[in-house]
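Some structures are shown below for you to check.
Below, chain A partners chain B and then partners chain C, in two separate complexes.
Up next is the complex of A and B:
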């Protein structure tokens, strides 16, 4: 069994409630932090731990915290990003609904480290049922003196609020989230300035993912150095992976970074192999935005070594031959999956979710969806495949926020690795659909 | 001060200047095209992406190039920065893409659009676009909406540059005008089609780079190249009172703010000056508005440079469009 830091007590009955959580070592990190450590020492500890943002970009958390501006007389804010809307990603939902107190605990310790007296959890509207769970946990934390004024008699004050979004993927982008939290239309801001300088209401703000803030708990409990011992290279600690698709055991798994992808897919501890004994065709390893990789490339690196579940190993090979750990939304597709149809689904999503501020993303996402629709409807041409390629290339890197890139990468990688399948689709659409024979090249690969 | 080099030409500018402003100071040859930036509106720019440039050297201190193209209207210069605009093949390629995106849903019916002849999108596509379209999908269309009595919105032509939204935010009060919906369903609108009832609402017409927001008191009265702009002023208790009067014959067809070299108004004007003062007698005429020789409006060369109260404008026939003139 791999090491569990976040889900260690997942199966303890009643862990959702305060008493059981506390009995199992809950809130020890807050005690340790507030009573025995200085905010600076805490930031240092998080730096040492090598903890990286779990929201998608993998930015080192300690470094992000040290960028926070601290002008006199200006409040600072901590905002937890619980907008989790990336297709394939459902780890934050699992954590918050089962062990809500670990997020509350992590946020109290983090707020203390950052000198924050007001913190917010911004949660997507579709998670309304989790809002009740979180609010109950927060209420319990207030009742037991972990929140409010004069926490643990130290004079430290903290209020924690839950704000519900209206259900827009773009509000997960941190600056759009801040706009939405301020009550405005959720359009990403043009950066700079970054939130660390001018965030919520123009004040210095740290935005972190749910899992990142929860991971601060084990970092403080065990110490940064010990945390950094877990995992591999610059991918320290454990990561929640939400696995879905054609696998025997879909679900949320906490893995120690560094296990092989093959192990993750085939071992009984995790995904338990491909459903119905079918062959693996492709994997989208980190949420719909990251490049899709065919079976041989996701399992093995170009040099023949096995690919690992870590930030570095998954991105090995760059954009041509690698992908990204992203948010940990691990989508597995077997040989019966049509990459073209899957891409159409993704393209529809990005078209629907683009905020529409910048022209390449607003127009490009809609255009790509239309072309893919045409192909899936059986009216595509070879020229459409090239056009798709060119459109994604004109979006990527030319937009305000990374949603443009996130819409471009799936298209680029699908065409790069599965071009033959697109060609089969446009040259013989009815045959392809009738026989579910999507791709002669990749379906014959023996893995 | 910071020294910046754009397309091989250098200039010293105060710290905090944007690449776009520096380029404009050097001259129009190196100035990137803009569709959403508007110097008179705070926080404008960054949306359309036509002004993207390549920073090949970050600064003297940190000479690394920037990894992506940047919006020149929202990026400040650093000392020693080197920038490629027209000289950068990457920029040319990206800009062509942006033009294609902007035109993707834009109706190409300039002959029936009121903005033709003074449309920034026409200029942009002429200079930076491609002559072919690669889409055969149906274009997005909307019904026309009246925003009050004097202004008409035709979303079908809108390129979502956000300029009118900034006008509503910054120079009118009790804002009801903004963007609704998302992505390519985004729509400029007023809250339940409420009129923007404000002395300065008419400025949304001037800032609109395309024919999406037009002056209903002028709509379809004339093609702009058959009208002649005259600088005029009046003392107004609400605004600067400095305007352009657009004459056809002796008749003032419309009143607009005065625009600078970059097509941006110098000062915003009030609705009284714009909609209610359409007689020559309301105004002190200063003389003909200098018109860039590239503009189609200059097709109608002035033969006599005297005040309209003295001459009979009806006698002056507009010249036909010459080949090579930009539309």
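Up next is the complex of A and C:
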């Protein structure tokens, strides 16, 4: 069994409630942080741990924290990004609904480290039922003296609130999130200034993912150096992976970074192999935004070594031959899957979610959906495939926020690795079998 | 317009939410208040409802509309008592979302985007709801219905019909069994 830092107590009955959580070592990190450490020492500890943002970009958390501006007399904010809308990703939901206190605990310790007195959890609106779970946990934390005024008699004050979104993937982008939290449309801001200088209400703000903030708990408990020993190279610690698609055991798994992709897909501890004993065709390893890779490329590196579940190994090979860990949304496709149709669902998604501020993204996502629809429908031409390629190339790097790139990469990688499949749709539309995916055996077993 | 007014409890909650934000930043309460309003006033945001929310926050009605129209969970037109939101994105598609949508259309006798004549069901397709590991799935009000089979869908529709109540995002629901 791999090391578990976040889900260690996942199966303890009652862990959702305060008493059981506390009995299992909960809130020790807050005690240690507030009573025995200075904010500066805490930031240092997080730096040493090598913890990287778990929201998708993998930016070093300690470094982000050290950029936070601290002008005299201006409040600072910590905002937890619980928008989780990247297709294939459902780990934050799992963590918040099962062990809500670990997020509350991580946010208290992090707020103390950052000198924050007011913090928010911005959660996607569809997770409304989790708002109730989090608010109950927060209430329990107040009742037990971990939140509010004069925490642990130290004079430190902190208020924590849950803010609910209302359906918009783009609000996961940190500046769009802040706009939304201010009660506006979720249009990303032009950077700079970065949130660390001018974020919520124009004040210095840190935005971190749910899993990042929860990981601060083990970092403080065990110390940064010990945390950095777990994992591999610059991919320290554990990572929650959301596994979905054609596998025997979909779900959320906490892995120690550095296990092989092959082990993750085929071992019974994790995905348990491909559904119905079929062959693996392709994997989208880090949520919809990252490049899709065919079976041989996701399992092995160009030099023949096995690819690992880590930031570095997944991106090995660059854009031509690699992918990214991203948010850890691991989507597995078996040999019957149409890459073209799957791509169409992504293109439709990005078109639906583009905020429309920049024309390359607004127009490009609309065109990509339209052309893919035409190809899937059997009316595509060879020129359409080239046009798709051109459009994605024009979006990349020409937009305010990274959603444009995120929309372009899946298209680029699908054409790069599976061009012959697109050509088949064009040259022999009636010969392409339209897959039905409803699987009465498994759907009924699941009931 | 006369009858658009929060119940006492909801108004108290709304005021508590408004008080969370720093002085002068009350507009931050807009999304939370729109959720409360949509749940309390028939599952959609009518112009009168938006006007009421604007008055609570002392902002312009057009500001409310501008925001409400950006977010997919806010309905600017009436919807059935049970708004069925079926995920159609990759992971769900890989596990039969299209077939579930087809099944729902046949069962309800409506197409995606339509409402049944009795006003009971509206069928909507949506993007990833963060339930990809329990695909295919749909959301009705606050409740996630996961690992769907045709039989399971039929049972859910029957239960909704028997209950006959409006489902909202604010409902207290059974928490996930993973």
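Everything below uses one rule, namely that the second predicted complex is superposed on the first by the 433 of 447 C-alpha atoms of A that agree within 3 Å, B and C clash if a C-alpha of one lies under 4 Å from a C-alpha of the other, contacts with A are read in each partner's own complex, and residues count from 1 in each chain.
Definition applied: a contact is a pair of C-beta atoms (placed from the backbone, for glycine too) under 8 Å apart; a residue touches a chain by one contact, two chains touch by 3 or more.
It should be emphasised that the depicted structure is a prediction, and the values quoted were computed from it without experimental measurement.
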Contacts of A:352 with chain B and chain C, given as first, second, both or neither: both
Contacts of A:182 with chain B and chain C, given as first, second, both or neither: second
Partner chain in contact with A:366 - chain B first, chain C second, else both or neither: first
Contacts of A:67 with chain B and chain C, given as first, second, both or neither: neither
Which superposed partner A:59 touches (first chain B, second chain C, both, neither): neither
Which of chain B and chain C A:98 touches, first, second, both or neither: second
Dominant toucher of chain A (residue count), chain B or chain C: C
Contacts of A:168 with chain B and chain C, given as first, second, both or neither: both
Which superposed partner A:75 touches (first chain B, second chain C, both, neither): second
Doubly contacted residues of chain A, that is, touched by chain B and again by chain C: 168, 185, 352-353
Complex contacts: residues of chain A adjacent to chain B: 168, 170, 185, 190, 351-367, 370, 387, 394, 397-400
Residues of chain A defined as touching chain C within the complex: 75, 84-90, 92-94, 97-98, 118, 124-129, 132-133, 159, 161, 163-169, 180-186, 201, 242-246, 250-252, 284, 288, 329, 331, 333, 337, 341-342, 345-346, 348-349, 352-353, 436-440, 442-444, 446-447
For the chain C and chain A complex, residues of the former touching the latter: 20, 22, 25, 27-32, 34-35, 57, 66-67, 70-74, 88-91, 93-100, 126-136, 139, 142-144, 147-152, 169-173, 175-176, 178
Interface residues, chain B side, partner chain A - complex: 45-49, 52, 67-69, 71, 74, 93-94, 97-98, 100-102, 104-105, 134-135, 137, 159-160, 162, 178-179, 181-186
